[in-house]
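Just below sit the structures, each encoded as structure tokens.
Below are two complexes that have subunit A in common, paired first with subunit B and then with subunit C.
Let's look at the complex of A and B:
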């Protein structure tokens, strides 16, 4: 039998997103197939420490904190809940490492790689674009790089991660069933930047 | 007569950009920078509208949002009803006409775009007059994030229309320099044309920006969260109440000044000025200097200001002290003002002494601070005797008022109070702010005003032409009638008379009506207080509030991994919550009934396939998971073995069915539970609620994995063969893969979890693969099933098939008042468990009643008949006189391919004891006989489930 082919939730949106990007201003794209693993463990337990070691960085313990550990990004989603995001195909390895680190202690490790897809929104217009549908303060004074939040963008729940490099950059982790709605919303909201209008 | 009343120079209009517009069929010309009102006045048009109750001619009274009279219907560029001409910018192609109160909504779809922006700041300054600008400057220089919002097309507020100087130069110079500096600050956002219309809890304010017809969005709603707010909202001039005070040509003095200075328009040739305070003198002087003949300044006070008197004397303007305008003449425009001397306080009416011809009457009864937002923010107000109006008096929100809204009227004081408020706000927000230097302004001494609520008129002792609220055509007579009817409270009088309830929300009439009521009641104005100020400050269109949440973006559409395939196959869709689920797949020429019968037949006789990815899925992990599931399901789950699946019912604490689904034990301490498609989020919230608040000792973690999986139901006697073909590694025999068990293995080359569960009574497999592979596995199964005539089916067929088996659907056959026992599912309620949600409620006498509604089957005697869902069930064939006792109603009803007839599920009082009875259901105008049956119609012995 042929190798199975995978189709990400926004596979048919690649061109649409590309067209709604504005050179030097805004880029919207899907980052498909990233590995995503939910980890639940008592943050004060030795098991939590072992999990951190296994992932290559301590589990973040501040609200909305993001820890980068090699090619893994660990998002704080709750006092005892994290989402580990990694490159495509890392899901099994992450699950195995965390499960081994738990060593039978109470916790949970769940592969949720396909549960959400990731949209990246990058560029000087990214903040304005997101603030058309997100009520959070995304000013760097309030929401700096390597922060995350679970919030609403328009009418879809998202995990919002700030990961600035040279330009402001965000990840939107959205439920697969909501991905097209959110992409449609982003394309619509970006229209004013394509037509060159709006304020800086 | 084009621009006959336009001054040769001056003003802030752009004379290089003339614009043509149409007013009531008349082609007129104005300039960029004009409002419709200023352009009309420039062309000598005063009568703009007709009052809505009495049909009296009405003109332009103000120069801003407080305008009570000059309402227009805009027809082009897009029909909009009831806009004050004072807030409509003229532009080429504008078409408008005057209104008698009500307007016309567009019948065509609005092509414009409206959107929303959320923003946060340290200091929000509302109003960009002298106080607001000074506040913004102090705050901005500290590095704070500042937003300045002002309703006008440009910043400056009263400075734009007053012609005054600051630091010895035109005040507008200071405005320009200040605005330019603010624009340079990277953390400052300037929002002209933006009205802050609502002030809510925790410094959340909402504003409407008019971005113009050429902008990417015509209007934008700003949702702003501010650490600190500076309210520099200014003041509205108060008119005076006298007989005939509503004629075109009667204008607020400060507004007339604005027309002259800002728009270079003369609002008349020959004016009378009627005032109770000093501020109207500046208007008299400016109008005189611009060429208007000021026939008389009529001052209600006994003593007038020597400063202003000398300026009048220099110009030959006559001042009448202790005098009032008691009535006027004129039809479409004022032609004369009737003066009479006023006694000291007490207002004894005297006869008319003098009739003065004029085409303009300026009035000033003092100034009302615009306390609307302060009051919306739950700030209190107090009556300031010195200005005869209500001023802010403290608020619990992080807000402060500055400038004219606090009752200070001199520009210098407004500037200083603004600068202080801006500094204090920035400091409160944690910034090291200094006081911005404010420019020097000339400051004339201000003489106390006289508070004159009703000017007595000998000609109108009833007060039927003394208008209090011009927008509502409400008069002193109306107020007297309200008081005579027993109202002694401003809120009651407001509702009785409608004063203050028009488009302008009583901006000019509010304080005035309190004054008039107080006078009629003989109490103090401060005692009576004001009516409550509510959002919106000015009218906001629903289109703006809706923003982009309309059409396709109105609500999220959730789709599955196989959605495009369904679309390509011509499926029709059903909304299930936010999901789009295939409803049925009609072949060409098929109606719904035919298609569904075909799909049902295919499943019962061959093989069918349904996309069931929308079912909710929750991963349950932890050493106490079994105990937890025992508590949330009515049946026992802890006895379930790894590798097996059990159906379960969930109840809420009241014992009513809440959701249902399957529980799959995937490991020693791990389960996967499924929920209904629409109930997934609620079930998770319900479980987390109990886990986090009541059962905190349980070591259990819940993770929603609904969209991690694409789920395919492969159903029918041939399903085993189809699965065997595409999953050769899987042991699909009944012995190796029993009912209510699951296996992992490759299906179409993809690692899958396959469950043997059935919602139709047929042999069935449920195949779960990660979302990414859903479409491919679906297509491989379709191709593999082709030799067996595999048929995709939708929710309608699924509903028929499960109803034939008597399987209820939570939310369709239940409605929150149905227990598992009512459904005939006592088998799913454990008698051995110590506790579970709902258990205690089953010992209530009410849940044990024998006449509760039970789920039963109904077979209409007429086998062709399909009862309407929702149809009532009654005992007798004759309905008799109402009320007719109702026994229950039909919850599900379909035509069955295998039964060859219509059939229904219903909830009927004592239904299980009525099996075999004939009852009646009124369909159309006749009660039709139906036989009560067990709810299982097909394969009662369950012979089909193993194939």
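Let's look at the complex of A and C:
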């Protein structure tokens, strides 16, 4: 019997993205196969509290808030909707823990890992690059570290997460079917930084 | 281009939204009991004022919630609405 295997939407783009990166300025790369689980539950219910405890951090209740809980990142997607992102392979564990925490109360837990892939855009030019196709103000004063937003980037729907561990760093969560389009757009938008300068 | 204030996400670009038309259109309690004319009025006829209009919007590219906005159709200015709190009521 054939072994099941996974191929990321940007499997053939690794080199293309690598070539469009500019040392010390900009790095674009796919982070494939991250575990993603959608959670929906009434935020004021005891079940929501139990879910928070099970994940190791309370579910964020502010628009665009991100909660880090160990190796899990919990994104606010709506007043009663969250996306739990974790390392590859954690999806089943997260799903089981959250389902157990719901304990039959009204809610939803869905593994959506294959729905989107993640592009990371890192470096001092990252904000410049994204703002070519995104109307949100991405300056750290307006869009701080550990914030997320669902918006349009170059006409593609994305979840944008600011991570900023060391350098300015963003995650773009994009639907698999839009991934190559968005990667092409990013490569094209990054062209000016590659051909030296960027400043007039 | 309009900035539309989502009660959850704050002001966002018009392209992130879907328009839902006139707000507070009530479905007749007993559809069997109304005349064809009243039913047609409910289904097809909407106000079209030049001025303040109360309308539904959905933040489709963002939090995907429906909410109500009062907009001046002449100037496209969005007016503060008393319904903000109500618009934020969570429905699961």
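Convention: the second predicted complex is superposed on the first by the 197 of 200 C-alpha atoms of A that agree within 3 Å, B and C clash if a C-alpha of one lies under 4 Å from a C-alpha of the other, contacts with A are read in each partner's own complex, and residues count from 1 in each chain.
Throughout what follows, a contact is a pair of C-beta atoms (placed from the backbone, for glycine too) under 8 Å apart; a residue touches a chain by one contact, two chains touch by 3 or more.
As the structure is a computational prediction, the values presented were derived from the model and not from experiment.
Trainee: When the two structures are overlaid on chain A, which partner does A:40 contact: first (subunit B), second (subunit C), both, or neither?
Mentor: both
Trainee: Check the residue A:135 against both partner chains and state whether it touches subunit B (first), subunit C (second), both, or neither.
Mentor: Both partners, subunit B and subunit C.
Trainee: Now for A:112: first (subunit B), second (subunit C), both, or neither, which partner does it touch?
Mentor: Only subunit B; A:112 stays clear of subunit C.
Trainee: More residues of subunit A are touched by which partner: subunit B or subunit C?
Mentor: Between subunit B and subunit C, B touches the greater number of residues in subunit A.
Trainee: Residues of subunit A that sit at the subunit B interface in one complex and at the subunit C interface in the other, please.
Mentor: 40, 106-107, 135-136
Trainee: Under the stated contact criterion, what part of subunit C meets subunit A in this complex?
Mentor: Contact set of subunit C toward subunit A: 8-10, 12-13, 15-16, 61-65, 88, 90, 92.
Trainee: Can you check the complex and tell me which residues of subunit A touch subunit C?
Mentor: 40-44, 63-64, 77-81, 106-107, 135-136, 149-152, 157
Trainee: Given the complex with subunit B, which residues does subunit A contribute to the contact?
Mentor: 1-9, 12, 33, 38, 40, 106-108, 110-116, 128, 131-137, 139, 141-142, 154-156, 175-178, 180-182, 184-185, 188-189, 191-192, 195, 197-198
Trainee: Mind listing the subunit B positions that touch subunit A in their complex?
Mentor: By the definition above, subunit B touches subunit A via 115-120, 145, 215-217, 223, 225, 548-549, 552-553, 555-561, 564, 579, 614, 619, 621-623, 699, 701, 703-709, 748-750, 770-773, 775-777.
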